[in-house]
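Several structures are given next for inspection.
What follows is subunit A paired twice: with subunit B in the first complex and subunit C in the second.
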Partner chain A sequence: MTKKILLTLLTVFTIGGTAVFAAGTEPDFVEIMEGLDMRSNFEDIDFSSQLTIITEDPEDGVSKEVTNQFRNDNNDEMMMITLEPVSQKGQGMLKVGDNVWMYDPETRKFTHMSLKENYGDSDAKMNDFGTSSYAEDYKVSGYTEGKLGDYDVWIVEWEAVNDEVPYPYVTAYIDRASELLLMTKEYSLSKRLMRSSYYLKYAQINDKYISTQMIFKDETMENAKTTIAISSISLDELDDSIFTKSYLERVNR
Partner chain B sequence: MEIFKIAFRNTSRQARRTGLLAGAIAFGTMIIILLGGFTSGLTENVKENTAQSMAGHIYITASEVTSGGLEVARVTDDSVIIDAIDDSGIEYISVSHRTNFTGSISLGSRKTDQEIAGIKVDEEQLLLDSLVIQSGSLEAFVNDKHGIILSEQVAHKIRAAAGDGILIRLTTQTGQNNLGEFTIAAILPDEGAFGSARAYTHLEYTNELVNMPPDASETINITLTDMDDTATASAMLIAEIEKTVEIMDSAEQVEALMNDDGATGAMIDAMSESVGIDTEETETNTRMMPGMSGGGIGGMFGGSIVRSELPPGTVTLRLNTIDDYTGSISQLVSTLNYISYGVFAILLLITMVGITNTYRMMMLERIKEIGTMRALGVHKNQIRNIFLYEAGITAFTGAAAGLVTSAVIMLITGLIPFESTGNMTMLLRSGHIGYTVNPVTVFSLFIVVVLFSMIAASNPAGKAAKIAPAQALRTTN
Partner chain C sequence: MTNQKSVPVVWKIATRNLIEHKTKTLIIGAIVAIGMLVLILGNAILDTATAGIEKNYIENFTGDVILSGETENGIFFFAMEQMRSGDESETPITPDYFEIKEYLDSSNIVESWSPLISGMATMMFTDEIIMPTQIFGVDIEKYTVSFPDNMEITDGRMLEPGEEGIMLSPAAAAMFEEAYGHKPAEGDTIEIMATTDRAGMKIREIEYVGTFKYNNSEINPMLGLTCITDFSSLRSMLGMNLAAETVELSSEEESLIGGFSDDDLFGGGLFTDITEEGEARSAADILAEISDRSDVEALYLEDSGEWNFITIKLAGATSNTAAMKQFSEDFTASQWDVQVNDWLEGAGTQAQMSYTLKTVFNAIIAVIAIVAIIIIMNTLVISITERIPEIGTMRAIGAQKGFVRRMITAETFIITVVFGLIGIVAATAILLGLNASCINIDNMFVRMLLGGSELRPVISIQTLLLDLIGVVAIGVAASLYPTVVALRISPVTAMES
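On to the complex of A and B.
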């Protein structure tokens, strides 16, 4: 009888101890999210690159756009100027804080837009190109461990803490080794899968990481996706005048 | 009376000349009646079609400032408005709640953007009765919370048929992505650009998708018994709302205003000037009515999100009328009316010159006759009246002929069915040109024509009256 009690106590302590140990090793997802934001935001330094955006649409076919991107994350500013196709050359997007303006050189007019809107006809949102704020916008509602290809990942459920982010629910696949985002599945308010985002390659710049190859797949439409490749990355200082409407008008003269 | 008979008989003495004169008058009259009837009909058709499309003549919207500081269009508590409608004494047929949104409809790999109105079935019987269903059924729509009514164009674009399941991608009021699942309950026949703007869903499910409370709506629309009472009814409604809600000027808007119950901050922004009378104020007022440029009320969702300076919880009411949206048409109609009046004035002037010359010639031709009549004791005034009556009779006959001709033309052209494509549908009355002739205008026109013709003839008539009988009888021609 005493043996039985001792065995039971041992079992309870063993299970309890394992649980306590497991709880102790639970990853700090808030820290991981802050890390994701910190490593992709260039707060103390200017950033510029060239984006090649290939959009595949079942109705409109394949289109390619080449765009120069300039970022001043410290002031939450971003400028994108289209280089190709020739018919859209000079079109621009200026972001200052929450305000986004699109510029059409043909009409010479600016249109105010929302960060939540798609960039042109692509499946990428305006805010896919700028600074990230996962830690501020989402809380973790659950996680599991799993594999994504050869990578060991945390599959983390994010739930928006405000009603202003484009996707209220996100499943993030985070590489356990590098703590980089490999894939997200983004859901609507009605919890329908709307978009899958794949971050295929990263470039390391000092302590920062920028995804240089991304795929955004529209899950509501068959065969609709956008591939974005980032090249010609530079951390050279940028003139403040770049982040103005007049700059967009000037480059189109 | 005898003088009038002589004048009447004289009109047929030179039938060809009188006919030409009357013809010119008839042509002018016909032009003015046709143009006037056409432009009035145009205005009426546009207003009626707009009223049907937008479900009413008066539209009340409210914007609420969310806890996050975003300004969203929603009427959450409609009690102030509903009470005001009932107490104002306005005569109305129905009050309906609607939530409009723009969504991307997709089926398989096909998609198209569409403005959609979320409606309450029990409030929109007039609309539902007016719909011509090409396939599917209204019953299927009424019984299915996820049902949607689409136009043929949209269904064709995504290769969908009644009964098919479709997805609609949209954004909530605060810009979050959402996806709705719908079943096509009914398809409406092709009605051109106007028709393509028609798509209806259930308000309850629409609110769920745009993240709005189930009982809320984007607008409250009032269909009046008589569309012509729109301005008066708006003024009455505003006066009634003013009794319970304080009017604030823009400088005071930063201070939220509490209702009697203290629960809802509410204010009316410049409503008293918004009855569509003052153009400038109307323009100011329409700035907050979402989506007009996109066709119909709506389009707020999926558009830019407005961040407000006002404190969270502040509610701003706004009132618009159908006149705000048909203002450009009214301007066009006014321009057309001015053109028609200009053409008429020129025609009248030419006719008057013709009448003066004709009657001067007639006076010379009848100089011996005038002398004889004067010698037989006919008074000067009677001689003048013969000429004046003659001109009046000719003008009246011409105007009457113009009225008859224009009526025939209106009848014939009104029977021609026009293909309802594009924005033309908005201008037509059930696929036909609709004329609206105002009897007062026609009566005024007759008086103007007769009066001016008599004025034109007055100079030769006066000269004829002054001719001395002896001198007239001596004249050789």
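On to the complex of A and C.
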């Protein structure tokens, strides 16, 4: 009888202990970051879509830009061509790796830009478009669990490991169920909150996810934000010539 | 004692009292003299600074009056100063330019006027060497008429009327040399990029014409960083040659405008069906759409008449206040929404700082004056208390209250005038010394405050007289209470004490 009791207690403690141990296991955030990159990068297929970029500025009011985006993530290449407003029609942005060029069709001139700079007058950075490289750019320095609206999230602290990114410190809110990024709070070197980014909607394309509605809120200025909606998504193959300066020069000829 | 006889007697007794009470006299006198010295030196330096700043800005840069579009945030000639102030709006456009042009040409209080476009752009020398810069777009003919001596061409030549080109600041020319290993020369082109809400990103190549330096650029370091182009080049860079477009939003897009809370955004429904997101467009479709530029060309305006500011130099002795009043009345009557600004509003924070400093100095002087009154009053009270038997005796032998009052007032008057004059002499000697030694100021901040690189304070006779009258008034005010104290004592009590 005593043996049975001891055996039962041993079993209970063993199972309980395992459960406790399992509950205390840290999520592998490196793997989650790699997952974020992997699922949003279209490595084996080309990708194109239309972006509607609405920027609210407390001083200058509301502006709207419609842009077509072409991506070849395999080569880390991206082309964005502005369709609206008419005054900016044909202006382009070509990104190849970490190099970004802006194109002015009026003078047919290119200028080299940094990924850290804002896209036009919007609150989005050049870095917000194209391939994702969170696992390469950041390391995890801490995490907690929490809730964001209806979602159970991991609130993960990221620290930049290179100076290619616009913000050195980021707090990322990752949905625990889907492991998709819902929100980031982005900080300067002095830990001042500079921007909040919201990824409100995702579309699933095969095993990939693309955020189709995003908000970038400038935290340094009240009521300044940019909303980006992605539509007209296509996975049709794109000609390599699209990702060249001469393509931009050709389209405006 | 009669009033007629008492006047010289009062002065005689007052002088004798001052000599007899040397220590008290010297204490009060020293306070008066030092106060006068500080007042004159401070006012001389600040008056010279503000006069210098006013002259430099009006003659070389802002004119007497500036017209602009209506704005609640103040006007900024320099985009960098605007950004520093936290104002990120675009510089307003002065409306109804063509009508205002006619008005100014026919106005008899206007000597000359010159319109100005102010823009911020980036000079792209190489991929690595870039330089954000302030650019003024001007009608060079009008600009040189309004401000004939405001710059010195250090290399190349001046922009010609009707010519497209850029004159570089010394800083931009140095950056060019660093990028290309040689000084800029005529025929070289400078690549400049600007981003605006209206036109997005624009890149322009503008031909180099010359390098120039604003005279007296030490009054504002931004002047040393400012380049000048013809107005049409800058207008095109800033999209000011394009008709404004209206923003049309769908009801769904409208719903995204405005504030929100983080939690409200994530109320469920994270996933969307790709088929709901519109038809995909091929690269060929985009190519076709972009290649048709007829709609873009339709936006270009022949002469938009868009300028940020109009600087006006007034004719003869027309005062700023009167001219501004007349302009405001005439513009309101014509229903032109133009803001009329004093030169100081366009001069920027550096110039305004000097004026603020003057106000602060005057406030400090007011506090010092109050303290001086209290000290002088106390010293006089002590002095009078010591002289109570003497005053009592005077009263007992027939001196009226009015006589005693006049005597004490005369004492204070003599002290303040004599020591005030000593203060004036000392301050004048110091000012002459400062002028003779012509002190050069290296500190940029002090240069800005003083409106130049040399300390040459001057003072007018009018200011000296005003300061002296002020000091005498302070002295007389300080003597009021001690006089009351002296007169309160009855002759008998005074003689007994």
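We adopt the following convention: the second predicted complex is superposed on the first by the 230 of 253 C-alpha atoms of A that agree within 3 Å, B and C clash if a C-alpha of one lies under 4 Å from a C-alpha of the other, contacts with A are read in each partner's own complex, and residues count from 1 in each chain.
Definition applied: a residue touches a chain if its C-beta (ideal position, glycine included) is under 8 Å from a C-beta of that chain, and two chains touch if they have at least 3 such contacts.
Note that this is a predicted model, so its numbers are computed, not measured.
Annotation for the three-chain superposition on subunit A: subunit B and subunit C clash. Contacts of A:Ser178 after superposition: subunit C is touched, whereas subunit B is not reached. Ranked by how many residues of subunit A each touches, subunit B and subunit C are led by C. In the overlay built on the shared chain, the residue A:Lys201 is in contact with subunit C alone; subunit B does not reach it.
Contacts of A:His112 after superposition: both subunit B and subunit C are touched.
By the touch criterion defined above, A:Val140 lies against neither subunit B nor subunit C after alignment on the C-alpha atoms of chain A.
With both structures placed on the common chain, the touch criterion links A:Tyr167 to subunit B but leaves subunit C unconnected.
When the two complexes are overlaid on their common chain A, residue A:Asp98 makes contact with subunit B while staying clear of subunit C. In the superposition on chain A, A:Lys64 contacts subunit C only, with no contact to subunit B. In the superposition on chain A, A:Ile155 makes contact with neither subunit B nor subunit C. In the superposed model, A:Met38 makes contact with neither subunit B nor subunit C. Where the contact sets of subunit A with subunit B and with subunit C meet, they give residues 59, 112, 221, 223. In the complex of the two chains, the subunit B residues touching subunit A come out as 66, 68, 70, 106, 108-111, 167, 169, 171-172, 174-181, 208-209, 211, 303-305, 307. Against subunit C, the residues of subunit A that register as touching in their complex are 48-50, 52, 54, 56-57, 59-65, 68, 70, 81-83, 85-91, 102, 104-107, 109-112, 120-121, 148-151, 175, 178, 180, 182-183, 196, 198, 200-205, 212-213, 215, 221, 223, 227, 229-234, 236, 238-239, 242, 250-253. Contact residues on subunit C toward subunit A in their complex (touch as defined above): 87-90, 124, 127, 191, 193, 195-205, 236, 239, 242, 245, 247-249, 253, 256-257, 259-260, 262-274, 277-283, 286-287, 289-291, 293, 295-296, 299.
Within the complex, the subunit A residues that touch subunit B are 58-59, 98, 112-114, 116, 160, 162-168, 186, 188-190, 192, 194, 220-224.
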